[in-house]
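Note that chain A is present in both complexes that follow, paired respectively with chain B and with chain C.
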Partner chain A sequence: MDMQFTDVGGVTKAVLGGRLDSFSVGEVETRFVANIVPKEQPAVVDLSDVSFIASLGIRMLIGTARALQRSNARFAMFGANDAVMEIIETTSLTEIIPVVGTEAEALAVVTA
Partner chain B sequence: MSEAEHTRVVTVARELDLVPGDRLHCLELIDCVDSGRRHVVGPLGLKIGRTAPADIVLLDSEVSRAHCMVTLNGDELAVSDLGSTNGTYVNGVRVEGSVPLPVGAVLQIGKRSLQHEYRTRTEITESDELDRELQKASAYIHALLPPPSREGPVRCDWIHVPCARLGGDAFGYGQLGEDLFVAYLIDVAGHGASAAMLAVAVMSQLRQRTLPDTDMRSPAEVLTTLNRLYQMEDQADLYFTMWYSVYHARYRRLRYASAGHHPALLVPPDRSQAIPVGNRNVIIGAMPGVKFKEETVDVPPGSSIYVFSDGVFEIVDKSGEQWSLADFERLVLEPPVADMGETQRLFHGVREAAVPGPLEDDFSLVVAQFD
Partner chain C sequence: MKPDRTEADGEPALVLNLPNHPTVIEESRVAVVGFLEPLGVGARTMNRVEVVLEELISNLIRHGHEVSAITVEADYDGESIDLVVEDDGLEFDPLAKPDPDPFTSLAEAPLGGLGIALVRRLTCAARYDRVGAGAAARNRVSVTITNR
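Entry: the complex of A and B
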């Protein structure tokens, strides 16, 4: 699983790529959380190049969103393809984390 | 699991004259069937195949009689394919000639997987003790699962194959009152001891019907209460998805609710379609204060319903494609196989479709057939 972080005007942007399956979550979870939560600022995640999210991946995303929430910082995701969106909708993840189409929309959601 | 899928050990270990602290190269089965079974690689190496005189006999139809050879070269292992039909793989890469088998690498042969471990005798002893404890825990979880029911208005069968020694899936069913029949499935994110402990805690409450101030006949109430009791922060950041239903036999009506869980599939006797039976509610434990919703569906006579964990269909097939629920639906609608139960048919169908090696997630499937 590929993972990159940048700062976009006070918003942490994470770009994920590949399969967020049980194996890769174990490898990336600590780094993912460590690059987002301690900054206590809004964060967006680019899912454009993610091909699959397993339940442990969902847990990583929910855990990060809830940790940021405790710092009053928002968290959103964008760019999910149809297959990943089906997983997100089945788990009703959108009830917990806003999932939008574009980066601009995601930035607008977390900075509103 | 059929006998034909088991491993027969011809040579478990070649006893070596070692001083304490010396390490042994071992091949340890990591798939669901004989997980933890260990084979020590000695100076003569180990031949793996489907029949004797192989040192490790894997009774798997995808394993050739003489499949591959693992040799000890100095202090390193190497593996070579012996002209097998289906190939030998190291970490997913097909073996051509002789290739190294590094410590930690996974050797895939047919449906079976063995991992190269490099252990001292002390570590092996400790690992064996832990394995025995895990086996007891696994047996305990299996003891909590209901026996197949072959009488009454709803008859159930199931298969439960954890991908690790302990899984995070649990399920149950049974009479809830006159004409009422309850069935549910829980899927804790992840697997291993922590996931299994949470699954057992939830299953025990449902079995004993001890949810406080909750009408167990109402799927929405049950999920709402569980969400109140099992928030992630209080459960070591674990959450679970769930499908819960209550069937009223007199009215042939099923009340159901899903919590972050994919739908069950209702299949009429002519197997013409698989009707999704599920609704959208959040995952249990992910958000406090949620009111869950439920729905109903009429059940035609002779129908079956398939309730399952996501490990049943979230596989990567042999062409490298990620399966979705639609792929499993197609498998469900295929005709029954003579002399094979429906749960076994589907398990073997998924195993046949998946890439070699252990399934990535727990495989739990309950099939209920209505009068």
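Entry: the complex of A and C
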């Protein structure tokens, strides 16, 4: 699993790539959280290059969004392909975390 | 790991005999996808198969007790995929765990129990059986996923 982090005008942007399965979550979760939560600023996650997600990946995203919420900072995701989106919707993640199509939409959501 | 394939009536077309080790999650995924792909299983269904298999085996590895051997079986009849995951551990029914309560906020959202909920929602049938007796007793989880 690949991860990159940048700052887009006061918003943390994380780009994930590869499979977000139980093995890779174990490898990347600590770094993912550490690059987002302590900054206490809004964050968006680019899922365009994520090919697979399972429950531990969903749990990582919920945990990170919840921790960020304690700083009153918003969290959104964008660019999920059909396979990833089906799993996100099946777990009702869209009820609690905005999942939109584009980076611009995600940035608008977290800075509104 | 060498798949044991058989075409005999009543026998699953793909059988994998695996040790209890985290690497078997990926090994079994590659083998099952390699078996189903040439049979015309669509990408959307294949993703469901991969998720269900991942959830069942990772759940077993994390929560099973005294598991030394895992068997994965896969079969496809042109309409649906049957997956069976068996283990030789102590009696453990992963499907007995209820789905997480519905949630509408991050604070309410569960951090656990999502995997088995996914198995239920992505399959058209899922059941647990304790099969065999004594030292040969095994946990068996059988699921069916419709190809669409």
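Note that the second predicted complex is superposed on the first by the 112 of 112 C-alpha atoms of A that agree within 3 Å, B and C clash if a C-alpha of one lies under 4 Å from a C-alpha of the other, contacts with A are read in each partner's own complex, and residues count from 1 in each chain.
In this section, a contact is a pair of C-beta atoms (placed from the backbone, for glycine too) under 8 Å apart; a residue touches a chain by one contact, two chains touch by 3 or more.
All of these numbers come straight from a predicted model, not from anything done at the bench.
J.: Give one of first, second, both or neither to describe whether A:T102 is in contact with chain B, with chain C, with both, or with none.
T.: Neither chain B nor chain C is touched by A:T102.
J.: Just chain B (first), just chain C (second), both, or neither: which does A:Q69 touch?
T.: second
J.: With the two complexes superposed on chain A, say which partner A:A83 touches: chain B (first), chain C (second), both, or neither.
T.: After superposition on chain A, A:A83 lies in contact with both partners, chain B and chain C.
J.: Counting only touches as set out at the top, which of chain B and chain C does A:Q4 meet: first, second, both, neither?
T.: Neither partner.
J.: Now for A:T30: first (chain B), second (chain C), both, or neither, which partner does it touch?
T.: In the superposed model, A:T30 contacts neither chain B nor chain C.
J.: For chain A, which residues lie in the overlap of the chain B contacts and the chain C contacts?
T.: 21-23, 52, 54-56, 58-59, 62-63, 66, 83, 86, 90-92, 95-96
J.: In the complex of these two chains, what residues of chain B are touching chain A?
T.: So the residues of chain B touching chain A come out as 187, 189-191, 232-233, 237-239, 241, 260-262, 280-283, 286-287, 290, 310, 314, 322, 324-325, 360-361.
J.: Taking the touch rule as given, give the residues of chain C at its contact with chain A in the complex, in rising order.
T.: Interface residues on chain C, with respect to chain A: 22, 25-26, 43-44, 47-48, 50-51, 54-55, 58, 102-107, 109, 111-112, 114-115, 117-118, 121-122.
J.: Spell out the part of chain A that touches chain C in their complex, as residue ranges.
T.: 21-23, 52, 54-56, 58-59, 62-63, 65-66, 69, 82-83, 86-87, 90-92, 95-97
J.: Within their complex, state which residues of chain A touch chain B.
T.: 19, 21-23, 51-52, 54-56, 58-59, 62-63, 66, 83, 86, 89-93, 95-96
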